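Shared between the two complexes below is chain A, which has chain B as its partner in the first and chain C in the second.
Entry: the complex of A and B
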């Protein structure tokens, strides 16, 4: 009896220690986010504060961000980025999953060489080709005015098929027998892909959608090189960067924090919305 | 299902195109009967913003009205003076015909062969309305590469309720009577103390082969002074906006910055706003003058411009007294045209006085030789090391020598 109690006490004590450690880690991890959120509601201006908690709170930073558009047009940047990210996401998800499916299911002569080539190309950072990409886009007339959006969509989605490895690995775990059964029933390759492989691979589809949305959503370097002086085509990454330049920082710093909070919303929404499929898909792959 | 998805994708793609097309914005075109001219003009976004009076658009309209012989279509783009050079150099052919740049970037553009030289009557016109010091800031190997429209330097803002005009002549008096901040870890500001005691960069600023002279005994004396300065309780290192925050909460009474912070300082100090050129500091009993880096902002013309004559004429107009006066009225951009500076209302503005006094008296022209790129980091690191206490009186000589060596080396060979 006594022994049992002490075992329980030990367990309780261990739990307490573990939870305290976890709580401390959680505070450390969420601290920067918490700080940005608080700064976005800070009423005092300027980039430097002497106290951790703002002395007074306000919504003005958010209001200014969306109404004071003559110098830094945030709503427009937000819309630009959203359009670019949504279309890049659709395109690159399609490219990537298609490439992964072909490499997983089809057998043809150049399959192995292609995979090796993709692997090697993937080792180079994408921005290495930045200047070349700029001049190619310029040659086809995509670097002026509204075509910049299309140019950026192409940039972000064009190379996505090279990142097929994870999705291919996942498709490989689906037994070939299922495909064969479908084929005997008269399915085409396309139908197998859309009606069997994709529904069985929800986690990887969700993962692909998430990563291919976040890529263009947060990218700075390509947008900067391609937008150049076209201020009406700026994306939020460029806009937020501008807010920290010496001419703007004192006035725009708290708005910068507000902007940072706002751009995290679409990603958070996307993740929350897709998370349940993610977990469901992970729990069981193929059943009967 | 299949078809539907395809249609959806097609619709989505065409939507993207449409959105793209409507998002396209061309500049205003002015009706005229003459030769068709398309000029692309870049400026900082404030110059085009409605809230600050659309300086660029107004000037371009005036220019078009003065030149009925051309039917000009203006295309506006946004590039501030600091980044315009890099953007132009990236691809001169697809860049603006006329743009504004900070003079320290001049070699970036001449190396890319993107900057047109001014000659003949244009050169005479520019020379007749600008001071020699200003002209030197846009002259490279004897050729004139831009039309200066404002000086670019930093000076001192102070609280007139704490300091008198006499106090602000000496840094030590200021430290006795109030608290000040200085961007100690920023290498655009810190060398001002070293220049005061005879340190030089590239001889007169153009002799690259002479290198930096920041390592002698005179430099060590300055390092020792700076170590004491940082420990002064009335001295605050201004980094990440600490100076402005101190001014705002009243704990600081002076800060060193430039015209870009005028709006914020004015809002904080109101009628107590004072501005002055750099003070002197007392080094081993002698008064030494601080010297800021100075440069200019200028209007440049792209040497790849298809319409060279209209582009040069427009640049001349944007740099003219008329345009500078409008710039000053709308955005408080401090003019540099010598005729304009003689005008009473402008000559009496304390900020104009402070900036121009700094430019004329307490500054050195920021060298734009390419070896200048090696200078920034070692100086900033010196500032940080003194602040953190890792450079102290014991190792000041050695650390100063190390800084000088680093400034004279590109870090590779």
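Entry: the complex of A and C
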């Protein structure tokens, strides 16, 4: 009797410890987010302030971000990024899903070599080729003015067919019997792909669309190398990075926080919606 | 030698139509198709298809005549003509002659070689196509019309339709640049000795420079390599264990509000990574939020600050710790599913035998996880060796303690590569660093993968 009680006491004690540890960790993990939201409403200018909590709150940072277009034109950057994101999302979704479908469902000579090639290319440092990509785009005249957008769209979507693994893992799990039945009914493989496989794989289609849409919003290395000094073609990510440079940081620091909050909200919402596909994709891929 | 109807049928059914077969057994028009692409198809009434083949051949020949041969011819020397000033009497100004630009010569040369390879592949396909048509005629079967041929692209040859556009872009924007950069490693394209416009092949000299530990670049290389490996090891395993422990804590049977806890951690990776890294960097500056907070709380004297990015050891520990903060939510998401797949009866049996939770973790959870996630761990390790974002956005490679070298104390091979190419314009050395990174990763991941249990005994456990 006594032993049972002590076992129960130990369990309760463990539970309490676990919850306290989780609470502390949760605070550590969410603290920077609180801080940036707070900073975005802070009325005092400048990056370094002596007090931790702002003394007064204001909405001016958000207003300045969207109205003060003389030095850093945030609305324009937002528009640029939106255009690039929409088109590169369409292209890369098409590339990625078709590659994944071919590798999962069709059997042809180049299938294995292609998968090996994708693995080998993945081992090279991603932007080792970035300088070379710039030269290539320059040689075909895509690094001036409005063409920069096209160049960025191609950069973001061009290699997407190498990231087929998660989608392929998903297609692998849809039963082959459905394809065979459709084939007997006289469907071509194209019809099977568009009318059967894609509708059946809605989660992975949505996942692919959203991840490729987010890409241009969060990448800044490629954008920086390709845009160079063309300030009117900047994307949001370069804009935010610029705001933290020495000459802007004093005036723009709180606006940086505001901008960070603005682009984080939609991405955060998408991510929370998506996380279950993320988990499924992972465990599917590991199981395979 | 003409094949009999039966033999032709057999060869078609086997699907073993080869170029060699076409050239040794094919009819005259098939053999001639090797020179005039599409001829065999035209003779056998596939006029449109044959004309397409012919058009491709003419386009290639035209390209080679106008540009291609010149590009190839320039490749060995990479150009010699210097840009020069010439006094123009009529206009009374200096005019510049157009000098050679080695970088463009190299790029166009490689592109020409790639185009030629693609053309050779296409050529072999057309010869095979001609032979196949010939066999079809001999077998007494119906030859496909152009329309029917196009229709096969939506059916049995769907992969050709779907894979061609992605492959085109992969070739143009991934493979071509990579070959281009690999070639640069064997040239003297660098700001050293002013070789930014005209440069030459130098063989393995750059590799020798980098491996020579006594030179400045060589010394930097070994130091950066060592830190890269240390970083990748700690970054991978700290995230892995921390994420796993966290996942176990959240998924314990008696933990309340599982969804809430998961939300708290996941919300931090919902913020774009570069934003949270930039925030962290500003917070950890000498006058940043963390130091201010510590001063307000009385842990630090006024004016004193912790040297997060100014002391080498501090900086190294800081980036690893921050990386835990950035990476654990992802690990948590990824490992939760795998952890839930561990068969419950293993734990129940352990409970009956009186194993403590710690014993269960080391005897059941860890071996199972290592077994299942070895490929994942290799991928993460590779990702960390190439983890540009965390280092570049957080510390930027700082602090630089050795002023003579081009790399700071937290620079990884990749961020060093970035500095070498973009900031310093030592393109050749940067390319060598990239190649070596690849070699290290390829050898490392192949070896671990081959030795891992999940490779040796597929589907065991």
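The rule we apply is simple: the second predicted complex is superposed on the first by the 240 of 288 C-alpha atoms of A that agree within 3 Å, B and C clash if a C-alpha of one lies under 4 Å from a C-alpha of the other, contacts with A are read in each partner's own complex, and residues count from 1 in each chain.
By definition in this document, a residue touches a chain if its C-beta (ideal position, glycine included) is under 8 Å from a C-beta of that chain, and two chains touch if they have at least 3 such contacts.
Small disclaimer: the values here were computed from a predicted structure and weren't measured.
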item	value
Partner chain(s) touched by A:135 [first = chain B, second = chain C, both, neither]	both
Which superposed partner A:225 touches (first chain B, second chain C, both, neither)	both
Which superposed partner A:271 touches (first chain B, second chain C, both, neither)	second
Partner chain in contact with A:150 - chain B first, chain C second, else both or neither	first
Greater residue coverage of chain A in the superposed arrangement, chain B or chain C	C
Touching partner for A:247 - first (chain B), second (chain C), both, neither	first
Residues of chain A that lie at the interface with chain B and also at the interface with chain C	47-50, 131, 135, 190, 225, 253
Chain B partner contacts - residues on chain A that touch it in the complex	44-50, 70-72, 80, 83, 87, 90, 131, 134-135, 138, 143-150, 153, 190, 194, 225, 228-233, 245-247, 249-251, 253
Partner chain C, residues of chain A touching it in the complex	11, 15, 18-19, 21-22, 25-26, 28-30, 32-33, 35-36, 47-52, 95-96, 98-99, 101-102, 106, 108, 110-111, 114, 120-133, 135-136, 139, 154-155, 157-162, 188-191, 193, 214, 217-218, 220-221, 225, 237, 240-241, 244, 253, 256, 260, 263-264, 267-269, 271-272, 275, 278-280, 282-283, 286-287
Residues on chain B engaged by chain A in the complex (per definition of touch)	2, 9, 12-13, 16-17, 19-26, 42, 44-46, 49-52, 77-80, 82, 84, 87, 90-91, 94-96, 240-242, 244-245, 248-249, 260-261, 263-264
For the chain C and chain A complex, residues of the former touching the latter	103-104, 107-108, 151, 154-156, 158-159, 161-163, 165-167, 169-170, 172-178, 180-181, 246, 249-250, 252, 254-256, 261, 263-276, 278-280, 282-283, 285, 287-289, 292-293, 296, 325, 328-329, 333-334, 336-338, 341, 372-373, 375-376, 382, 386, 388-389, 392, 413-414, 417-418, 421-422, 427, 430-431, 434, 437-438, 441-442, 445
